[in-house]
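In what follows, structures are represented as structure tokens.
The following pair of complexes shares a single chain, chain A, combined with chain B in the former and chain C in the latter.
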Partner chain A sequence: MSAIDFSDPATIALLTDALTAAGVSGLEISRPGGQLRIVIETGNETRIDVTTTTQPASVVQPVVLKAPMAGHFCPGRSSRSAAADRLPRSVSAADILGFLRVGPILLPLCAGRAGILTKQLAEPDALVGFGDPLFEIEPQS
Partner chain B sequence: MIEIVETGPFNTVQDLGRPGYRDIGVSASGAMDPFAVRIGNILVGNEEGAAGIEVQTFPFSLRFDRRTVFAVTGADGDPILDALELLPWCAYTAEAGQVLQLKHPPTLARAYVCIGGGLDVPSVMGSRSTSLRGSFGGNAGRPLVKGDRIALGKSADIAPVPASGLAVIEPAVALRDVFPDLVDGTLPVRALPGGEHALFPDDGDAFWSQTWKISSRSDRTGYRLSGEPIKPTASIEMRSHGIVPGVIQVPPGGEPIVQMSDANTAGGYPKIAGVIECDLWRLGQARIGSRIRFVRSTHAEARAVEQAVARYVEDVRTTSEMVKRALRAMA
Partner chain C sequence: MPETFDKTALASRRFDTVLIANRGEIAARIQKACRELGLKTVAVYSEADREAPYGKTADSALCIGPSSAAKSYLNKDVLLLAARLTGVGAIHPGYGFLSENAAFADAVEKAGLAFIGPSAASIETMGDKISAKRAMIAAGVPCVPGPDTALADDPAVIERVALEIGYPVIIKAAGGGGGRGMRVVPEAGQLQEAVALTREEARQAFGSPSLYMEKFLQHPRHIEIQVLCDTHGNAVWLGHRDCSMQRRHQKVVEEAPASGIAPEVIRPVGRACVEACRQIGYRGVGTFEFLYEDGAFYFIEMNTRLQVEHPVTEVTSGIDIVQAQIKVAQGDPLDLSQADVNCDGHAFECRINAEDPDTFLPSAGVITGLALPEGPGIRVDTHIHAGYKVPSYYDSLIAKLIVHAPTRAEAMARMREALTGMCVDGISTNIPFLRALFDDSAFARGETDIHYLEQWLKQRRAP
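After this line comes the complex of A and B, so read on.
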């Protein structure tokens, strides 16, 4: 999943330049949060439409915690009981949700945000790669 | 610079010791759990032998006065940075002003605080260890007290520790095939028969077969054991001779003494056995009042344990550097 902000004027300008340079006549990107359409007109005229859809306030987009590098996925914190690792459960930003194991080295996986830990997206001891999804958290303010 | 905020007695600056001067009566000193010091130093990017703090009385706390990488190894229990519980055996970055606190560990005896750059106290005879008996080395040759401020060396590590920390599978877990677990709460300690082993009846059976308790008269110099006294078949007068950490002597009372890191340099009691060097860290983590049993070992087994430890240490070194480099490249 990309984190690029398509409503950012700098991003739109960059895309427009890239489309123009490539000789592409237009681009349309639709995402849950809105829609971007860039049409390259002949005679160097460009039309840009950005439509932002307002999300209902009650819908919170889950955040996916991804693997920062390749390693074996070790969910849970070894010193805690298995009961404490049940899903879903509340987590705080500093909570360690598990580790990536590389040989004898353990890389702690920190929740990074407070919320409800809803899903574990990889199997224990699975070999995961950079960017693979590991946990899903519904943020809470 | 770090400042000691709170400490019990007998917490000292230690490294891997000062070998080579026993002939002039200087004990080797050094950490009671040198394995923890080696791994802690590797995690924070130091040389294995950099000086850290051996904490054997709790609670203990220190304040960092600049951004510093540190790790707490050895004892179990979670260190606390300000109000946040951390993992043991894990390197973190502390910010200036943050306070690291160590509470009494649940089962083990000694925690080691290793800090990026090491503690920059003067090196005396090749070591920064505190010699309590000689009152030199470490921090002015004495245990740490509240208000002590200790300079830090320059950290050579170019790759930063990741924000969530960098941990290691601790030796007792990673090497569980090499270091047998406690049996009914009793720590098995491997030892080789010593110079006067033959003086004890039934091939030293009374020594090898009983469970000994580490008595309250135990410290960094030696552990006095409590149990059924063992007696040699004949009393002999011996000249004092050189001894090293791990030597198990039997004084006239019959309850053995195990020489530890601040071992005497000479002694005249009969030596029934010697703990293999690679098991000394486990003894260093055994608490007063806990039970141990000696297991008869061989030179071949001792060598095999030494090799397994060396492989683990090397694996931790190369893999931790690789992980730090990979994370930096992907940041």
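After this line comes the complex of A and C, so read on.
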């Protein structure tokens, strides 16, 4: 994810210069937090619109936890009851959501962030590859 | 020493599932051959190739790593892990990537799987240019004049060797190949500096400073001989190809047979190649590459794998080389003898690359429209389709256009027609350049050598 602040005047000035130099007539960037539109007019006049919206607290982009390597997907923890693995549920960054089984080795799959675990995206014991989606988490700050 | 194969070992080589450790058109080609043999396939792919069509048509598919080839297709550990997780019995390495990596072949065999290719020992012998040359001389294969030993460090000895060969000479890295790690020396004054520079390049690029010296041929053609060997001592050669049309040592157009070479001239060379395979206990498919000048052949190297250009031999010989390669890996004896090999007509292959036709800079992006030529004597080996995204991480080869006709002139005409009917929208390709090349009169007359294409390009660019 880019950390660039598109409402920053210095960033807007830099983008405007770059667009003018490249002969590009305009640019529009839309993000959940707002929208930036730069239109380079003929005669080098420029129109800039910056619209920011207040993000509702409940609208958070979910994060997908992906397989770090190929292996057989084993969700949940053997030491916990099935009820404890019910979805959705709160998880902490350090929680182990499941494992990848590679031969005799079980590779733990950590949540990596606190939030609500909303979905399990792979079937138990399925063979998954690098980057295949396993879980969906709605982060909480 | 020839390798031996006992019956127990051969029985244990049988497999019903093949992991294809490659990408692009060759992954699709190998999958087709496996399917026709009734074998199941496992496709492995990097993140950049997640949407590749052969991943969807394989019996199973697995992403093995990020887009970088070093972390996916060149990563021995993840490939072996994928083989273990999917329970395959064999790995086909295709070409490029790990196909000529002796350590990978060894690791595959040690994991109890069949490596669809030669043994690690054969790959190692032929990968070192000095030991390869020595093996070829022992088998009676003609080699470029020059000693079959590594170049000494002593400048006086180096000078004496160059004088004995006669200038111009070429200095080559023993571990090099594909046009890398070599330097031409036109006269004595430039010899020592060329040796020092090449030695350093060889040390850095190939991990070994070992060099050798040969006579530099001025206007040779690149001719190669395809061989096929089983594990029962049977070996045949499947005719010859001319791959002289090269740019920066990379083949652009290949044809079979090489025109203008009398059968009685090339037959002894083919027989010597077969004999060399028997002597080194070679198994599977391989290609002996030669320079050909003034009616004489000079061995340069052996490729211990399937070649990109194998289709021109397939369409002229009628033999499915990929299927034959897999059957050999199963331990089957060859089902043909040398007398059964009859090459008919003439074939050309054009490598269709995603690159600018003038600058040859790679062109990645989405293919928005695609028209592939069809008809008698036309074959297209490809994995692309409309909507396919050509990734920027790998070789720019996106398709191979192959034509076959009774004569060379008819095959050229068919290729012109096929190139006209081929259209790839959304990215740049070298198709316009190939169209122009097939209109060249010197090419049509067969009057070309390995330097011809570079000179032709230079003339085109001249104002």
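Keep in mind that, in the parts below, the second predicted complex is superposed on the first by the 83 of 141 C-alpha atoms of A that agree within 3 Å, B and C clash if a C-alpha of one lies under 4 Å from a C-alpha of the other, contacts with A are read in each partner's own complex, and residues count from 1 in each chain.
We adopt the following convention: a residue touches a chain if its C-beta (ideal position, glycine included) is under 8 Å from a C-beta of that chain, and two chains touch if they have at least 3 such contacts.
All of these numbers come straight from a predicted model, not from anything done at the bench.
Participant: Could you classify chain B and chain C on chain A, in the superposed arrangement, as clash or fit?
Facilitator: When both complexes are placed onto chain A, chain B and chain C end up side by side without any clash.
Participant: Considering only touches as defined above, state whether A:106 meets chain B (first), chain C (second), both or neither.
Facilitator: first
Participant: When both complexes are superposed, which of chain B and chain C contacts more residues belonging to chain A?
Facilitator: The partner making contact with more of chain A's residues is B.
Participant: Which partner chains sit in contact with A:68 here, chain B, chain C, both or neither? Use first/second/both/neither.
Facilitator: first
Participant: I'd like to know which partner A:96 touches here: chain B for first, chain C for second, both or neither.
Facilitator: In the superposition, A:96 contacts chain B only.
Participant: First (chain B), second (chain C), both or neither: which does A:116 touch?
Facilitator: A:116 sits against neither chain B nor chain C.
Participant: By the touch definition at the top of the document, which applies to A:129: first (chain B), second (chain C), both, or neither?
Facilitator: After superposition on chain A, A:129 lies in contact with chain C alone.
Participant: Quick check on the superposed model: minimum Cα to Cα separation from chain B to chain C, whole Å please.
Facilitator: Result, nearest C-alpha distance in the overlay: 5 Å.
Participant: Counting contacts the way the document defines them, which residues of chain A are shared by the two interfaces, the one with chain B and the one with chain C?
Facilitator: Residues 69, 102-103, 130 of chain A touch both chain B and chain C.
Participant: Going by the contact rule set out above, which residues of chain C touch chain A in the complex?
Facilitator: Contact set of chain C toward chain A: 45, 47, 50, 60-66, 72, 78, 81-82, 84-86.
Participant: Inside the complex, what are the residues of chain A that reach chain B?
Facilitator: Chain A reaches chain B through residues 68-69, 77, 79, 94, 96, 99, 101-110, 130.
Participant: Could you pull out which chain A residues touch chain C in their complex?
Facilitator: Within the complex, chain A touches chain C at residues 69-72, 102-103, 127, 129-132.
Participant: For chain B, which residues are in contact with chain A within the complex?
Facilitator: Result: residues 78, 84, 87, 90, 162-169, 174, 312, 315-316, 319-320, 322-323, 326-327, 330 of chain B touch chain A.
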